[in-house]
Amino acid sequence: MRYDFGSDNTAGMAPAALAALVAANDGYARAYGADDVTARTADRIRARLDADAEIRFVFSGTAANAVALSMLAWPHEAVLAHHAAHICTDETGAPGFFGSGVGLIGLPGASGKIDPDTLKTALAAVEVGHRQPPAALSLTQSTEYGTVYTEEELRHLIEPTKLAGCGVHMDGARLANAAAAGFDLTRIARLGVDVLVFGGAKAGANCAEAIVMFDRTLARRIDNRLKQAGQTASKTRFLSAPLLGLLESGAWEQGAAHANRMARRLADGITARASFALAHPVQSNAVFVAMPPAAHQRLNDLGWACYRFDDGSVRFVCSWATEEQAVDDLLDAIGGL
Amino acid sequence: MRYDFGSDNTAGMAPAALAALVAANDGYARAYGADDVTARTADRIRARLDADAEIRFVFSGTAANAVALSMLAWPHEAVLAHHAAHICTDETGAPGFFGSGVGLIGLPGASGKIDPDTLKTALAAVEVGHRQPPAALSLTQSTEYGTVYTEEELRHLIEPTKLAGCGVHMDGARLANAAAAGFDLTRIARLGVDVLVFGGAKAGANCAEAIVMFDRTLARRIDNRLKQAGQTASKTRFLSAPLLGLLESGAWEQGAAHANRMARRLADGITARASFALAHPVQSNAVFVAMPPAAHQRLNDLGWACYRFDDGSVRFVCSWATEEQAVDDLLDAIGGL
Amino acid sequence: MRYDFGSDNTAGMAPAALAALVAANDGYARAYGADDVTARTADRIRARLDADAEIRFVFSGTAANAVALSMLAWPHEAVLAHHAAHICTDETGAPGFFGSGVGLIGLPGASGKIDPDTLKTALAAVEVGHRQPPAALSLTQSTEYGTVYTEEELRHLIEPTKLAGCGVHMDGARLANAAAAGFDLTRIARLGVDVLVFGGAKAGANCAEAIVMFDRTLARRIDNRLKQAGQTASKTRFLSAPLLGLLESGAWEQGAAHANRMARRLADGITARASFALAHPVQSNAVFVAMPPAAHQRLNDLGWACYRFDDGSVRFVCSWATEEQAVDDLLDAIGGL
Amino acid sequence: MRYDFGSDNTAGMAPAALAALVAANDGYARAYGADDVTARTADRIRARLDADAEIRFVFSGTAANAVALSMLAWPHEAVLAHHAAHICTDETGAPGFFGSGVGLIGLPGASGKIDPDTLKTALAAVEVGHRQPPAALSLTQSTEYGTVYTEEELRHLIEPTKLAGCGVHMDGARLANAAAAGFDLTRIARLGVDVLVFGGAKAGANCAEAIVMFDRTLARRIDNRLKQAGQTASKTRFLSAPLLGLLESGAWEQGAAHANRMARRLADGITARASFALAHPVQSNAVFVAMPPAAHQRLNDLGWACYRFDDGSVRFVCSWATEEQAVDDLLDAIGGL
């Protein structure tokens, strides 16, 4: 079975990440996040975002998102998110677990982007005691369907949210791909995002994501919160060092740019052969193809791991590691279905 | 500041762990624990324990313990544990968070070992609706004070617990040190432990612990449970490979044996100089010294990181990485206090 | 404002309930559910259901449902229910709060009844680690839209559920109305329901519902569970006595039969005047009317409290206390819109 | 078995409470707390406390306390309380359940009153990530051992707590007894209590307690919070009316004053006979007697329900309903042991 396109976490660490991890292994270091490598990585991220923020490193995107949302919403409140967002469909209800029952309100919108009118309607709904009113908006950049919000689009979602007194979370598991697609990361804090998950794993790190709290009041007793949530690394340098290697070398974005190019190449090849239609605009590193179940099954049988999504299309994801030859091999396979 | 003796997680990965991690980085691998390296690591652990078990790899000992306990006790029940156990004193209430309010009942006992009579009393207490009755016993091997339970001692704790219908959890964050001290790991399943946390980080891995479910009914929907708890690694090979390297090379136990020897050397040196008394028997890799606050402060001022525990003594911990020279340096420093 | 038809909990206690409460007030009684009145009430309910069961009395339907579901599903699992069920739309996420993140999967079906084919599809879905798989089915009898399941309909929902290894909960907040409509209560246990909420408040009691655990294994440490959940009454006789009065006098079902007749009268009147269509079959004590927002607003302005539901229709509910004259007054008001 | 002295919740409703409940039963009333009786009761309580506050009525003291504490402390924080407080010993871990793992830190102090020096030490403890730091102080007035804090004593506990940035909760299950003992209720808000549980059940109501939020910011979305917690009464008038009857008639305090007098009579009788010593000062409605297990058992065998507490003494509680003759009967029984 070939896992090249099954997900962007089937690849290992990018060379810069691995080298930094190996380098960080030498000698003793303070435990629980108080080491120098971790401090330097946080500085790098602040610089990259051009913003002040409290930063912590956790083990998984699921935990990062769920912990972040637990800062923004009480159990008797809800989080607004695209109904296809990872927190809604792929995290086994983690927001409700970490948030002790916090609700999720799924919003529609084309290709993974929340429709602003629907958001406004949800924010304007009359509050009643027997429902969970919204306390936060969760955005995904790039989205679950591989599209990338423009700054203007984000502004139209964030402004009414803040006016309604709600907080804003951004799931940036694929933030590197959004950046490589032209999204300016220094706008995130200025747009009013309160807490950002800055993605590592899908960008070529091991299993590490950074929780970036622009609103420092959210960070009160954050070390207690994370320890209780099982998200404090005793040897934090192994979480931060790979990210540091990626950021210092430029590989964080270069790898994402490569992944985006490979997705483009794949999408173009599919369009050229005209065998199947693209289900969503290809703006980052994922290609969604409208493919009948039988064809999908044949492709699996030919040894290509790939998955059907809730919208019925089949997803192919590229990463820093994707080779041109692999794209062409896949195109041949798809062409022959 | 020197962190050699501050904790056994101030050291990096042992060479065998790092080499295995680097080797595992090549190529694509299935995500979320379905890769070959992870399967081989689980096989190794089963072999080492000479027992059948369902095994999963998680990021932290805190999470491993809390998730394991959530399998054994409902929120309206409690877990019996030594009052100085890590779950009681060092995990920020994680068992209550993952267990939605599950209680902890602290039991006394010399040097971190639960007193069997007290346990029996707790198990025999008349149940009343307004208290949380015990549903599980949590044991730590080696204990928080560096002692090692004998098989016989464990039997006297586990037998009445099982008779009372309670489950048994073992926190094996330092299981390697217990093994190196002569504890036979193949007895764990036979003694009736239901779920074991098989320690990686303190034995020279990165941040990785294995949850070993001897009682496979506990493992029902374990992947959903772990995903919801933020403990599913997308790139699981980076959790399992270092452990595999340690186990295949023998370094898991050899490193622990080295740590135990260094602790012995340190303890003997302290005893020889007769400056301070040992607060607990030294049976594994930790040395607890009865040291007045002023002396402790002086030692910190001299650059040696070390911490005072709830019993008032100061702890020094050795690891696979501890050097003889460092022990001697520390002895000199202590001698000069 | 007239609240006659706003809900079936705007009425007070029925005379038989109040009389029993007053009678139960005399003298001392054991606290926390150990009194004689409570024991007799449980006996009455078992007799009425012709089934053995462990029974406890709690304060609210929301709590009764949420506690019952917490017995059937882990946090990483989900409960299947009609998307318009009270637990999905009117309990502020209580199942997720009491169940620490347990999920709800909403199923479609006409007029509040779950469509059996959709249920089978949900039960047959391939389990994946990143979603909450179903562990229980929640049924409402009579339903949120006032319809009543036949025994045959229930069988077609319960049988595949049990085959799939899931538990079954029945929300019987309006069970009296279902019974008065001809549903045989002695079938509930035989059909395989594991835990039933036997409704009191809407049947003319104060705020009291009984949790009926046919599967007694679910009742293990139930008193601890309820105490922790804030649902143990110190003076339980005040929860049970009104129900006892209703059951011993026959008023539990007679009041519901009266409510059903009043709903029939209202529905017939609306049909006769042909001003608005009925949105759902009228089978118990609620009448749903397809009424434009402006007409609904006019009716509110005329002093009639009534609410719009998620399907867009306006609900009118009758109770044991509804007077014929009130129905006719309302019909006049509706006729004049 | 005689339950006169087993608890203050073995008595029924006081006449004024029952009469008000019966009167409130007439006619329709808005559901979910929006009725007139409930509004009037809240006004009465505000007047009695001479303070502005948001007020809600819930079903049980356990829920009232746990919900109140969940407003003041996050899951990764802890609540300071006397180790013998009801929340620590008699509520099955409800604070941890409603607070999703919130911790309890038990403080010592004679006869149920927290020792101020110990409190200051706890508040001054250095915060570390691996423990739950205090976020709130819970006080009980009158205390679990029947003593009554003076205003001065409360000030010495509350002032350092507020200075440390923590919130203050008061469990007033027996507030009426404290008031009858001379404690000025109008000081509560002025002393800095943030949220008070104003007791009903033990003062002669049915099962009803009021949550009084002096800090109105704590009341944000309180109706959602209570609904989710299963603590919203559909027919709230049945919770508020008995309290209204007690407050309007003066019976709330007169009943408590009677209870206190009966406790005094009992205590004096015991002292006079000199058979057993009093374990705690008798300042409200409870008498704790230092009685050997055999004597306690004999008393139980003679038909007197009474319970041994954690301090080893046996408790006798008086209520609005306690008769002089019953006190004398009990004294005879004790005298003959």
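As written, the chains take the letters A, B, C and D, and residue 1 is the first residue of each chain.
Here, a residue touches a chain if its C-beta (ideal position, glycine included) is under 8 Å from a C-beta of that chain, and two chains touch if they have at least 3 such contacts.
Predicted model only: the values in this text are computed from it and were never measured.
Looking at B-C alongside A-B, one finds more C-beta pairs in contact between the chains of A-B. When chain centres are set by their Cα atoms, the one at the greatest distance from chain B is C. One inter-chain figure worth recording: chain B and chain D are separated by 42 Å, centre to centre, where each centre is the mean of the chain's CA atoms. Inter-chain centre distance (chain B to chain C, centres taken as mean C-alpha positions): 49 Å. Chain A and chain B have centres, each the mean of its CA atoms, that are 33 Å apart. For chain D, the set of residues touching two or more other chains reads 75-76, 91-94, 97-98, 100-101, 129-132, 224, 227-229, 232.
The residues of chain A lying in touch with chain B in their complex are 1-4, 6-7, 9-13, 18, 21-22, 24-31, 58-64, 66-67, 91-94, 97-98, 100, 201-202, 206-207, 224, 227-235, 237-239, 305, 321.
Note for the complex: chain A touches chain C at residues 75-76, 78, 89-94, 96-103, 129-132. Of all residues in chain D, only 32, 74-77, 100-101, 127, 129-133, 221, 223-229, 232 touch chain A in the complex they form.
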